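Chain naming follows the written order as A, B and C, and within any one chain the residues start at number 1.
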Amino acid sequence: MKKNTKRIWCAIFLCAILVTMSLYGCGQSEENGKEADTKDTEEAGQDAQEIRIGYIVKCLSNTFWQTYQEGAEAAAEELGVRLDVRDVKSEDDYVGQLDVARGMVNQDYDAIVAASITNTNLIPAIADANAKGIPWIVVSEKQDEEVLKEYDAKVTCNCRLSFYDEGVIAGKHVLDVLGEEGGQVAIIEGLTGMTATNDRIAGFRDTLEGSKIEIVASQPADWLREEAKDVTASILQANPDIKAIYALNDTMALGCVAALQQADKVGEIMIIGDDGTNEAYESIQNGEMDSTIDGVAWQIAYFSVHAAVKAVVENKDTLPDYDLTPGLITKGNVEEAMQEAPKPVAEMFEINENIYLPIAGIKE
Amino acid sequence: MLKLEHICKSFPGVKAVDDVTFEIKKGEIHALLGHNGAGKSTLVKIISGAYQKDAGTVTLDDEVITLTSPQHGLEKGIGMVYQELDLIPDLNGSENIFLGQRRFRNRMGFVDAKARDLEAESLIRQFGVEIDLQIPVKKLGVSRQQLIAIAKAISRQAKVVIFDEPTAALNNVEAERLFGIMRKLADAGVSLILITHRLDEVFLIADRVTLMRDGKWVVTKETGQISMKEIVGALTGVTEEEQVRTANQSSRTEEKLVSCKNISFGTVFQDVSFDLYRGEVLGITGLIGCGATEIAKALFGVCKIDRGEIILLKDKIERMTPEAAVRHKVAYISEDRKIEGLNLIGSVKDNITLTMIGEWAKAGFLNRKKEMVKAEEMVRKLDIRVAGLEQAAGTLSGGNQQKIILAKWLLKQAEIFILCEPTRGIDIGTKREIHKIIRKLAQDGCAVLVVSSEVEEIIDTCDRVMILYDGKTRGELSSEECVKKRMLDVMYGVE
Amino acid sequence: MKPRNFLLIGFIALLWIILTVLSPHFIKISNLLLLLQQSSIVMVAGIGMTFVILTGGIDLSIGSVAALSSVTLGIAITKWEWGVLPALLAGMLTGAVFGMFNGVLISYFKLQPMVCTLGVMSIARGLTYIFTSGRSMFVTDRLLIRIGNGRIGGIPIIVFIAVVLFGIGYMILNYTYFGRSIYALGGNEEATRLSGIDTRKVKTLTYAFCGFCAGVVGILYVCTLGASEPTVGQGLELNATAVTAIGGTSLLGGIGSLVGTVFGAVLIGTINNGLSILNIVSYYQQLLLGVVIILAVLLERFKKK
């Protein structure tokens, strides 16, 4: 008897925990999901021939991709199309992303926009999409030409996000500040082997080559804040005279800041981040980080949806490529940058008339 | 046809088979009998190729053979049906029968399943039963699995098939059918070796019997020329004339500590009732598989019971668990020291004090001084031979390990001791010491239950003995009646 | 102290000598203190892991639970505007509750530790993202930052916290009924149960303690980073297991010591710190780390023979 009661209590206890957890979880997601709800009701009012856009990003737990999502959703709302954003659970799940992409092709989305993890991993899905006549818009670095040829696949439009350019901008900024006297700098790398890691480092290194500036350390911290902190602290031990650190994303840059705080060196060393997240902006305002690079993720995401809709409506195979220059955000323009989010799209119409779709035209 | 000459096989410390010579004729059913540990299992494993002999020759059809593996044996025409049926549960019947044989493999290494299935079916058909050979064997009943095992054993033109306790898991109807099949095989010219504990079966089916004792050959006779009593006598080496032993000095009181009423668990044991009094040693014995061990485990809550009630120290226990048993001052000394008794990597001290640390602890903190003192006391009292209290228990001899287990329950001041095979694998000297400890426990006012398949052990230690046969109580003998011959007769179901 | 630990000290000393020869910056006091500080977090995680591994189990969820604890602390302070102390308590409690949850599933519902904690690992990480929408937040509480970066008598406070936790753990394992039961349980669960010890309770408490340690790790993350970040603690469970194994705790349970785990943590900390100081190219880092782990465990094997 006793035993049974015990068991029952156990079961009740477990159920209670599970229920509380899931309720709590649901409560949280409901808050986030409000936007989505309102959108759904709007859509219900539209005609059945609505356009469905599939949007594949890398990993939504990274703020960078959340910015993407926001930009894309803003455009979708304006254009009155339905947008489904999918991600994979980590930034190195190449195969998982391909599965997601293939799933979208099978579900006959009207167009697919994708930020592939590497410049090759989604190409099989692109070939599938071509076969079905689904436009494919690339919003990451350019896909590998060779492999594209091999699969006989074609991309409708490249809304290029250039990691290399970001590295170049960071390099130029360091040159501007330290160029004359020279000095030591360090790089905090992301996950080893990823395109974002390789290209940003390459851009940075190429820019600094031949100058008086010397890269004395380049160490991986796997995009993680706590790793970045430990690595930075160790680097500072070996190279106390470092003048600047380029962290390949803002999350790691904030880890560098934490290391500086511990070493009591905040403000003495330039910390340059990348991605342009709100947290980084705050940190720049507080005078902790020196600068970050706005990868214009929001805009790229915004225009990529335009491009997708345009390809569907006008039934086009190819659209001109679209490049936006990343911008450097320093203490000087950080206020502006913060207010600009979400960015004023109007000014950019002129620059990008190629893919911009007059909103009124669609809604009619 | 199969001739064994001067076969010997030793394991560290024991001579399991000692100079055995006899012959098995073509087409006969030959029963091989022996008490527990007589060496018959070892002998048939040598015949089938599972063990390699140390000396002697095996001649099959005038050819001297030296087998290296059971597979090799099978190729030579010697098959074995193990008691625990060595089938792969998830493979189907046909796959099991021809497992490990290359016959149906073509040049590419693929299996010709169709030919194999046909062959398997024809094998099974001669048994006169229908078996679905395409489903995993785990979905078949035990008796059908056994037929598949037999088919496997005869799959390569078997000349000799060995059956190890084939009826252990069968009911009467199934057993009879099996005997029919065995007879048919024998008539077809196959020689069968049958190992069994059940003498009634021997007289029912065997043509000749060979008796073994302590690894040695005793006698080979036609079944018609030997009586059941003679067999038991020869098996155990005990004759009617053996002197009546002096009964143990009983210290039994009238206080009932344990009372079991009609406890049953499936067919393992049925309607068993007994009482255990303070100051007495009760023995439970029987042949292997008689259910004695399971009853002991049920008393400690390790095995379940379906029906019946257990009363410990006047409390009726609804649901027996080890915790409840320990609360009622029950100590359980398992037959399997290494799994249920000791923490082999723990120290001697930690093992001895394990049952008591909770009581000695103050606010959760161990009383390490008391532990040392008490552990040392126990080591001295039971004369446990250790290098130090921190020695790992796993490095001790079996006897000393057993003493450590006894020590931990003595410390707990248990009043009801349940001992399963307390001296299995223990050398003769320590064995006697442990028997003395058991008697001492009773004199000190504990109730002791000894489960043992060793008749001598029961006689040495017990005041009273209950004998089980096939899960049912077969008889109860008092201390005075506890004569070896008598006990064995009851155990084998002769009396 | 056991000979095994001397061996580890020897190995660490050897590494230190090599690193000193290779870089003048390594042996500086400030760097050694930094090394200790960097080892502290994995040390705390390793202490919890050692408890669980001593019972013959494993807890793969500690990284995620640590993240969840740090996020709970962050939300409690910034969103709910709780005081620091209740928020800290909430953080640690989150860890302990999840540990307990593991323990109940494993001991009362007889789930395999590996599978069960794998599931909880995913649950905890999922909740972390749900609560934060994947965003990190600044936690600028003075006390927390002082814990994270402050020093007492020149020694980082985090190191003190790790030492205190080690002390508690050491005391539990060696001087309490609970600790002895853990060893007995790891050595032979069946025998321990049959000796009348409530093994399920012991196991549940062990996992709860491990969860508590994970909670502390989560708090330390917040303190050192000045922010609660939902991605922290990835791979922590593997590091903690490595540290425990290097420290000589048998993954089968029953054998091992916390002292070994501490040295294991220092060893891993030394490697990570040393690699950064020498500025070794990232491709080689993982290789070297693996080689050193295998070497450390191999050394013991040779000694046994």
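The definition used in the following text is that contacts are C-beta pairs under 8 Å (C-beta built on N, C-alpha and C of every residue); 3 or more make two chains touch, one makes a residue touch a chain.
Quick caveat: nothing in here was measured; it's all calculated off a predicted structure.
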item	value
Which of A-C and B-C has more C-beta pairs touching across its chains	A-C
Chain whose Cα mean lies nearest the overall Cα mean	C
Rounded Å distance, subunit A centre to subunit B centre (Cα mean)	69
Where subunit A and subunit C are represented by their mean Cα positions, the distance between them in whole Å	32
Intercentroid distance (Cα basis), subunit C paired with subunit B, Å	48
Complex contacts: residues of subunit C adjacent to subunit A	23, 25-26, 28, 30-31, 34, 37-38, 41, 97, 101, 104-105, 108-109, 123, 126-127, 129-131, 133-138, 145, 148-149, 221, 224-227, 229-234, 272-273, 275-279, 281-283, 285-286
In the complex, subunit C residues that touch subunit B	175-181, 183-184, 187-188, 190-198, 254-255
Touching residues on subunit A, where the partner in the complex is subunit C	7, 10, 13-14, 17, 21, 24-25, 28-29, 32, 60-63, 66, 189, 192, 216-220, 222-226, 229-231, 233-235, 237-239, 251, 254-255, 257-258, 261-262, 279, 282
Subunit C-touching residues of subunit B, taken from the complex the two chains share	300, 302, 322-323, 326-327, 332, 334, 339-346, 350, 354-355, 357-358, 361, 364-366, 368, 408, 412
